[in-house]
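You will see chain A twice below: alongside chain B first, and alongside chain C after that.
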Partner chain A sequence: MKAIYIIIVFTSYLFANSYEIKLYETIFTKLFNKPVIYLFVDKNKKEFKNSKVLKIVNNCKKADLVLLYDINNLKCKNKPLFVTSYIDFKNLDAIGAFYWRKGRPQLILNKKIIESYNLHLDKSLLKYLE
Partner chain B sequence: MLKILFLFTMFFNLLLAETIDDLLKVIEIKSDLSEKTKLQNGGISFIFTRSDIERMQVNKLKDILISLPGMEYKESSYGFPDLFTYGDNKAFISNNVRVFIDNQEIATGMYGSGFMLLGDMDLDFIDHIEVYLQNPSYEYTTESTLMLIKLYTKKAKKDNGGKFKLSHNNYNSNAGSVYYADEFKSRWNYFSYFSYDENKRKKYKVNSVKVSRDYPTYHALASIYNQNNRFLLQVISQKKDSFLDTSIDLTPKKAKVDSDFIHFGYDGNYKNFYLLLDFDHKRTNSDFRDDVEPKKEYNYLYPIASQISTIYAYLYNSELKYKYTTDSNVFITGIKYRYKTFKYSHLYRNGIALPKTGNDKQIVSSAFIENQYFIQTNSILNIGLMGVKVKNNASLQNNNLYNYRISHTYTNNNYIFKTIVGHSESSIDPYLVNSTGFFIKDKKVDKIINNNIAENIIYSNEKNRYELIISYNKLDNYLIPSFDRYLLYNYKKDINMIDLYGSYKREYNKIDNFLFSVEYQKFRTAIIDKFKKLKLRFRNLNSFKKYDLFNEFIYTHTNDDKQDYFLYNLGIKYHYSPDLIISLKGENILDDSYKQYYMRADKDTLMPQAPLKIAPIDRTFILSMEYYF
Partner chain C sequence: MKIKPVYIFNIIAIIILIVFIWLDYLFQDIEKYVLDTNYKENIVYVKNFSKNLSQEIKNKIKSNNFSNFLSKNKDIRKELEKDLSLFITNRYKYIYLVEKQDNKFRFLLDGSKDDKALFLETYEPIEIEKWNSVYKEKKDIYFTHKHIQNLWITYLKPIIKNNKVKAILVIDFSIQPYVKIEKVLKKLDYVFKLLIYFFIFVFIIIVWFSFVDLKRDKKLFELNKSLEKRVKEEIKKNREKDEQILYQSRLAQMGEMMSMIAHQWRQPLASISAIVISVKLKSQMNMLKQDMINSKMDSILNYTKHLSDTIDDFRDFFKPTKQKKLVSYEEIMDSVLSIIGVSLKNRNIKVNIDIRYSDEIFIFENELKQVILNLLKNSEDVLEDKEKKEINIRVYKQKDEIIFEIEDTGGGIDDEIIDKIFEPYFSTKDSKNGTGLGLYMSKIIVEKHLKGSLKVYNSKKGAVFQIILKESNG
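Presenting the complex of A and B:
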């Protein structure tokens, strides 16, 4: 299927998503402490196409990190998981979540889970710990 | 010096964008658009994002309608929002302005469009707004549409939590609203909203008679939904001072319209199918008294000294749509069925019970097909056809209406070129059917035809956005009021409307922006051969530390009486904490905004008099407090 819908959205829509990607790039590079991260994402794969930091893999076994928009797509349970809902963050052993509350975007991280994967907790991330 | 300051600011902003907090702030403002429906090919569109709505302190729909090309916010003599009013004795004639909440149209069985109800309603339940002009896509509309307004409610996914808001204005009017949104574990979400607004407004004296358009309103809305299904309930109860009402000399002794409205609907997707079922009910009590002497030559029915009525109107609506997508086509077809009915429990004019017209039902059936063909990935040809059959149960007024639209959209990295050619036909809503001698002149009204062509060119890069819209509309059989009791008749000369609109938007950092637009409009009306209007708009949105600032200035010049109008709005928001916000907004601060005409005649001789001129936007100062919990 051609990428037919992409051309009819505003440029600012692309910008909006690019900031979200930029946020993931910033958090994940700090956590993994390396310049390139292999990411498995269950939706919106095209949005990550231009990222030089986040490389999308189709098999979650090859990923450093799993980013899920829908937890029904959860497969590689042994991989660090990042989710997009607070309920999922509370119910699953996710390292963190990016979600919305009261009309504002929220970032939350779980220290215990992050440490269990031996990930690096940068100083700038401390204020987002649960 | 200024150059150095600018470079420093730019550098500072770039530095800020690297921090997580700043990225979150930019996402909050920019991501509004990612929620919008991708209907760019559906017509000429204007999007008001959550950030626009909040920073501009948009309280009512009319606050944004003043920003649209070709539009002037107006109210009927009853004080109802009515964009196309002539300022005569009709409560509402803008039935071609359609209002949707999410995917469900809010409508009434008597007057058709729900703009009458929602045009001046509190909007704190809204996340963002889309407005489509120039014969928009048939995907949503059942009946002919000149303007499509889509209000999108707040969603639990984004607004998990609650908020209450209190406000007070300089007319000693208080308002309060509260909402709460949450997600269930089962993936169903809900959003609930309640508000009460005293809606006190500026009073006017007409020949020493005080007229009011206050409208205390209770409003409740609830929505339960998951990814594929939605239930929507809306209830509105209003006790309205109906302003000038139907008074011949605009000096009513008593003018009240109380109404209760309920909308309930379901819409959902299953694979390629979409189903919608909804119901609207409105009960209206009117009580009008005037100090006039009814004339024998009009069987003592005119002028109107008193009119008392209770009307129950019902509307049932259903839609079934099918969407099929291939590599180079998006095809959608659907059938829609709308049943409108109403009954008067009583209707007395000048103490005389008016005979029933016999017609109390209208059935609108429509079928449409629309296809988007992708000539290339950046070039889309859209062709749509819609046939509408309007049938009234006891009237000559039945119509077969044909509508078509052809549009082409071309985009590249920076440009969007959109061309729209359309033809639409419309009929009259039930309250005008069989109203010969009361609202219309002849027994049957010919269908109203609008042929339009529009070109929309947008150039944008990261910081600048230029837009040009050129449109031409040719209206045939347009309904205009006669001098005989303002009875509507088909104007047999063409009405040609030319509209030129250009805008420039500068995003001078990631959050703040400036908008300038210029508009020139020219058309022939029944009264003025060449009506011309020039409009200039300036809008500036800034956020600085804990403050949001909004400035808007609109200059309007018309040639009807060589009048210049100045509308200036100012808003300041102070974020005391992320959860507590104090706001102050001034609307029409110079008290010199666009004024509309209300027609009147001498109550004894019935001879026309100079019309009354009143601004539909009051000079208002509003102090608000919002708290998120």
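Presenting the complex of A and C:
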């Protein structure tokens, strides 16, 4: 019974994350307007392992984009930054954020920062601008 | 009247079916009541406290521009958030106030401690059209979230000031316990329905079996009826056959009787003939005297009387007795030998009689005599061409049975046919002398009329026929 429970939890966790990765893939490919994006992630690197679009790099200098789960891990300040909380989004000059609020997924983008990195702002993303 | 188990099962199945249908009806009623009550009560409770909260918000925000007022009055904001947090429990998880600005929703107040939104934080609700409709309709709404299996309800209450929706008070509350109850009730309902279908199925099967049983019964009834008819027909045929056999047997008896009468008459007729010749001779010689004529006439009269008596004896002998009579075996043998004795003597057959049972027996006399006579006649026929011609008659008692035995010196009956000799139309004699009915009729008479048995076996000398009667007959 315990084994079954673990499998169920693990599978749902995997699927939940796979949806999140899919979302990142969609947003980032639209922003960078290219099929493969080199990404630096401070955590959960394994979750991106199966992605054909998001290629994880160990050095943030080689990355197109930095995805931060923890603000303390911020190293490459000149790279476009994507965060996972609204506070981080407000406090740092992040191009966007994806987080959960009141059980609902939230996506928010900063037009000014996006434009400062000369990234492509697709029409479908306009409704997520703050 | 015997009730068949299949009918009992039928009745039980119908009762169970009715009970389950009734239980299901009752259960659906209860299910509807439980769900409606719980769900409605919950909504009513949320509506009530949201009404109070709404009033509190309106009272404290003394401006038409809520965001502007709250950004300037942080204390009131904190106060109101504290008010909201008072209603937060495990069930009422999120209580917050949002405002629509430039087609975007932003948080104004958030009563949560965990997952707390910032003031004026943008917010993208799921099913946003429903949120927009609150602004349009100015009416509160509530809806469940399908993507989380309807475990949560979002209640949206518009805060209306000057007939305009200024903000929406949002309460996210869990209905998980009710959903669980609903699920359990639905499962139970499903089980009930399943049971009903099962019992309908069982009922159909039982009805089918009953139908098959009924059909089988009908067939059996028809079979019985036809069997009964066939049995009656067979009985009728047998009766006709028996009558035919009886008729043939009587004819045969008559033939035998004629033969025996002829034997009996031969001697007196010869004597009469001799007297007549003697009288005729004396008359021709003129030696006939009156006293001699008288004497000869008396002799002739005696002989004719004897002839007449013989006829009477035979007639009485073959007449069936209507009532049982007490008679001894000695008397029976005397009577039988008076009929067949002359014939046996003429054929040089020695008859040895050894009667060791002297009591009288209560029996249909003539029937027993006929059987004995028939057996003796058979022995007589068998001994015709034999050198040693003897018939041994023994009567003795064995346990509670009286055994009458006739043994001849004819060499016995062939083992191959000994089992068939009592069958009708079975005869070893030629067609002139044998009908094959004598032993068959004898066996029937002994078994049916005398309530005894007729058996046969071979001794060293010849065939032995036994008439076995119960002593209680005596």
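In this section, the second predicted complex is superposed on the first by the 121 of 130 C-alpha atoms of A that agree within 3 Å, B and C clash if a C-alpha of one lies under 4 Å from a C-alpha of the other, contacts with A are read in each partner's own complex, and residues count from 1 in each chain.
Quick note on the criterion: a contact is a pair of C-beta atoms (placed from the backbone, for glycine too) under 8 Å apart; a residue touches a chain by one contact, two chains touch by 3 or more.
Only a predicted model underlies this, so the values are computations on that prediction, with no experimental measurement involved.
J.: Tell me which partner touches more residues of chain A in the superposed arrangement, chain B or chain C.
T.: Partner with more touched residues of chain A: B.
J.: Going by the contact rule set out at the top, does A:G103 touch chain B (first), chain C (second), both, or neither?
T.: Both partners, chain B and chain C.
J.: After superposition on the shared chain, which partner residues are touched by A:L23: those of chain B (first), chain C (second), both, or neither?
T.: After superposition on chain A, A:L23 lies in contact with chain B alone.
J.: Going by the contact rule set out at the top, does A:S124 touch chain B (first), chain C (second), both, or neither?
T.: In the superposition, A:S124 contacts chain B only.
J.: Answer with first, second, both or neither: which of chain B and chain C does A:K90 touch in the superposed model?
T.: Only chain C is touched by A:K90; chain B is not.
J.: For chain A, give the residues common to its interface with chain B and its interface with chain C.
T.: Touching chain B and chain C on chain A: residues 86-87, 100-107, 128.
J.: Which residues, counting only chain A, touch chain C once they are in their complex?
T.: Touch residues, chain A against chain C: 86-87, 90, 100-108, 128, 130.
J.: Which residues of chain C touch chain A in the complex?
T.: 94, 96, 112, 115, 117-118, 121-126, 148, 152, 170, 172
J.: Across the complex, what residues on chain A touch chain B?
T.: 1-5, 7-13, 15-17, 19-20, 22-23, 26-27, 85-87, 99-107, 124-125, 128
J.: Any idea which chain B residues touch chain A in the complex?
T.: 18-20, 23-24, 26-28, 30-34, 36, 38, 40-41, 47, 50, 154, 157-163, 183, 185, 325, 327-328, 330, 374, 377-378, 380, 409, 411, 414, 460-462, 578-579, 628
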